[in-house]
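Chains: A, B, C and D, in written order; residue numbering restarts at 1 for each.
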Amino acid sequence: MDLTVHIGHLKLKNPVMTASGTFGYGEEYSEFVDLNQLGAIVVKGISLKPMEGNPSPRICETPCGMLNAIGLQNVGLKRFIKEKLPYLRRFDTKVIVNILGNTMQEYKRLSEVLDGAGVDGIELNVSCPNVKKGGIIFGTDKKILARLIGKVRQSVKKAVLITKLSPNVSNIREFSKVAEDAGSDALSLINTIPAMAIDVETRRPKLANIIGGLSGPAIKPIAIRMVWEASKAVKIPVVGIGGIMNAMDAIEFMLAGATAVEIGTANFVNPRVTIAIIEGIEEYVRRKGLHNLKELTGGLNAT
Amino acid sequence: MSRYFKAEVISNLTLNNNSNLLTIAPLQTIIDPEPGQFYMIDVGNTYDPLLKRPFSLFRKIPEGIQFLYRVIGRGTMLMKELKSREIINVLGPFGNKYPEPESDKIPLLIAGGIGIASLFSLAEALSKKAYILYGVRNKDELLMLDGLKGLTDKLIISTDDGSIGEKGMISDVLNEFLIHHSSLITHYLLYACGPKPMLEAVSRIAREKGVKGYMSVEENMACGVGACLGCTIKTIDGYKRVCKEGPVFLIEEIIW
Amino acid sequence: MDLTVHIGHLKLKNPVMTASGTFGYGEEYSEFVDLNQLGAIVVKGISLKPMEGNPSPRICETPCGMLNAIGLQNVGLKRFIKEKLPYLRRFDTKVIVNILGNTMQEYKRLSEVLDGAGVDGIELNVSCPNVKKGGIIFGTDKKILARLIGKVRQSVKKAVLITKLSPNVSNIREFSKVAEDAGSDALSLINTIPAMAIDVETRRPKLANIIGGLSGPAIKPIAIRMVWEASKAVKIPVVGIGGIMNAMDAIEFMLAGATAVEIGTANFVNPRVTIAIIEGIEEYVRRKGLHNLKELTGGLNAT
Amino acid sequence: MSRYFKAEVISNLTLNNNSNLLTIAPLQTIIDPEPGQFYMIDVGNTYDPLLKRPFSLFRKIPEGIQFLYRVIGRGTMLMKELKSREIINVLGPFGNKYPEPESDKIPLLIAGGIGIASLFSLAEALSKKAYILYGVRNKDELLMLDGLKGLTDKLIISTDDGSIGEKGMISDVLNEFLIHHSSLITHYLLYACGPKPMLEAVSRIAREKGVKGYMSVEENMACGVGACLGCTIKTIDGYKRVCKEGPVFLIEEIIW
């Protein structure tokens, strides 16, 4: 059955991708998942220089969700291209690299090099709540966001350019429009929502970083709403992210306006969930007698 | 042989007011676990709690795998409710293992509280050779006493309240022990597992006395497979993942 | 034991209040709860004229939470004062009225009349996501918010003026400061978060209003973070709201910086939860050997 | 006598592939329920699902209260797992009841699918006087057949596939019935419960034929006590709360 979708000029064999930071560099889950079956793999956020990340505890559980403050620990651009990319290249799936910089220059440099290295997509992380500089500040100021995307756009020739929006704004429509006008090929949302938990016995924050990002089923209704608003505001494809645990959740995002989806926290609960979701979407499409996934995207009957 | 498998609950025995023994039978052939390795276990089948919980291999027995766990929060409270014949999802075995001691070494196993869970199978593997220093809060918290006596004739127990064995913390007992046996100090090899404060104390003692060894550490975990980077601890070579490079580390590499 | 707290000049016998819209006008729960034991009752949002609300379905469940789009159905100011207020007055508890207007005039009029009617507190709802006009637009624009509070401030003489902030902003600190500077006696947060759910079988939104407000345990980590940020930004007391299900949750909010708390969705799960929370706080205070609740508020050890 | 009480699960029988019969014994004296009233029931003890679920009184029996429920979603799936001796929290009885018919009236009970749950106890109260029109998808979905036969000798059954009783929807059966018995039309009093489409059809027929009656309607509920305003339906006097002013309404007051 035809489950192909297009993110800009990038053709995916199916709409199921892994969410950045939840699937390592692919290798960690290759024992459980045939990576060839995935629509795309979005790897952990990469920065110009290696980052060591935040002290522990970095994660804790919350009702139907979890907090994380990894602090973007990553091997850095050089080692990623040398050690991680070749491995991913061995599989018949698209590779999208999530990037984060402290300055526009860094974002530009990262995208230049990765585009040159032939990655299929670049996901601009302008919404990471867990690093002091950069990240979210780019994602919550329209002018800065427009300038950032404009700059990066020039250096991205082959790869598809996806802007991952911050959920931490009052009006996601405006930011979506800004990202589209500035030249993004697609949008992805949502990233984690800044949140916090306290151990009442010790009076200490449950994360060393105090604040972390909330992910998991708890945020799904917020993500669905934002994907719906964003997809109505722009013409470029939207990638839906947030609390997707099964095929029905993925389809819910597509009905809300998503062309594809990213699976994050669910990988931790079931390492084979991505495959289960692909199969579930196939089953649904067959059961409903659909011909392709275009019939799903934005198919919410809101009248 | 996959590290993601379904297993049937054989039994889930309450050992005392806060500790349980869970025995599961995998429904498929699994990879043989080594002492020190751990599994990620489903504690419920709703999204609350969401994540699997990590538990060390307690024992591999013919019927399956056993876990010795303490009930401390929402997940383990639900785990306590697991009934025989229920089917649960399990991930593992994960992580490295307790390295075997060189032939000239005398293993000193130091367990604090539920830390005995991961050291028990090591003691089994070491067959009699090992000293076991086992500290608990009080008599009632003492687990698997008979089993331990069968594994070594060099079992030293301590309780915070002196209700059984020596009075005081097991780290102090270790300190005393090393002082009295200082002649053999270069021959001892430590294997420690227990709460953070105890592990810190053991590290300090090991440094002072110049004794080598290993410890199994804990951090909150999400994936268990090295993907989320949520379980890191600080080492002399930077952050390392407890679930992948650990849970067993050289005592001297950990920065507290 | 002394559980008293002060919200501005208003003294509460304990920090546990009911959240607007989740406790009706008090009467509905009087069968399960001795209203005299509550720190305060915050009643359903009142508007100048009666409002009939949104069509059904108005609510649905989500992971560890629920969506609602009641559309502020209420009896209107007149009938509230005539029919509902006298009943509430029979109890030895504080009565705080949550108000919502479509214009600044309406807010002003509402607060004038209610202040005159002798209610103990007025909670400005500038964050209702479920009504077309008014509500949230006042809560997401700093200038408008400042002018609104300034206006209302003049007409509130006796009652304590609480501004209920919208969680739907990038920087809750700024809005908290604005609300303080404009003359609020206290802040309360968070209101529900705009969210949405879709029935994948029917392709229809689960709420007739399409978008509703997310409440319940799912939002607690977000609320804790915002209460922490808000309470560090202002000197006035902060009332913590969002997913409080038990005493430990309430204490978590107080450690984050809340002086008092409001219990919402939890009332639906356990109609006696407010009493259980009061007892649980008492037990905790005794167990920890505290002398009063000041030792809890902002007591997070974040170093 | 509180409307918030704990109850012990006596039994939770599976009747067919999607219907169950739950019997609970309150652990304290409760308020006697009336036909048409409902309860809010805990389906689990975590926050997922979060809210209680509303279920009509099926029968009040000496041992306690019975509910007849269909498994359609996450909550009822968990409810299906309730084991005897488990303790659950229950709220109720809530809502109004089916008003008794005046002596000159002939009650016509129209049940669609699981709608039989709330009409069964009404039929018991009416003792033989009532006609019961009961429609289901197919033979297998038919519930409590013997019980119903004991309650009336005027039982008419229909199935969508004709596998038992008349073929077609119960609303059509009602229509036919009223046409054939048009002479008595002013004497009939309708009591309907079932899925929305069926209730709409019944309303239409009632209007056309000028027959009076009542129907029990459903809306998603959060509180059950009239506080959240989440369960409203549109009536000729504006929105009304199903949990408080309902669940039983005059047919003519509901606006579909």
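Basically, a residue touches a chain if its C-beta (ideal position, glycine included) is under 8 Å from a C-beta of that chain, and two chains touch if they have at least 3 such contacts.
A quick note: this is a predicted structure, and the numbers were derived from the prediction, not measured.
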Required minimum of steps from chain A to chain C, each step between chains that touch
1
Counting C-beta pairs in contact, which comes out ahead: A-B or A-D?
A-B
Could you give the separation in Å between the centres of chain B and chain C, each centre being the mean of its C-alpha atoms?
46
For the pair chain C and chain D, the C-alpha centroid-to-centroid distance in angstrom is 36
Touching two or more other chains - residues of chain D
47-49
Spell out, as numbers or ranges, the residues of chain A touching 2 or more other chains.
63-65, 216-217
Chain contact topology (line, ring, star, complete or other):
complete
Chain D residues touching chain C in their complex are 2-4, 47-52, 75, 89, 91, 219-234, 238-239
Chain C contacts chain D in the complex at 21-24, 28-29, 31-32, 44, 52-53, 55-61, 63-66, 68, 70, 73, 216-217, 245, 265, 267-272
Given the complex, residues on chain A that touch chain D span 63-64, 217
So in the complex, which bits of chain B are touching chain D?
44, 46-49, 78
Sites on chain D touched by chain A in the complex:
47-48
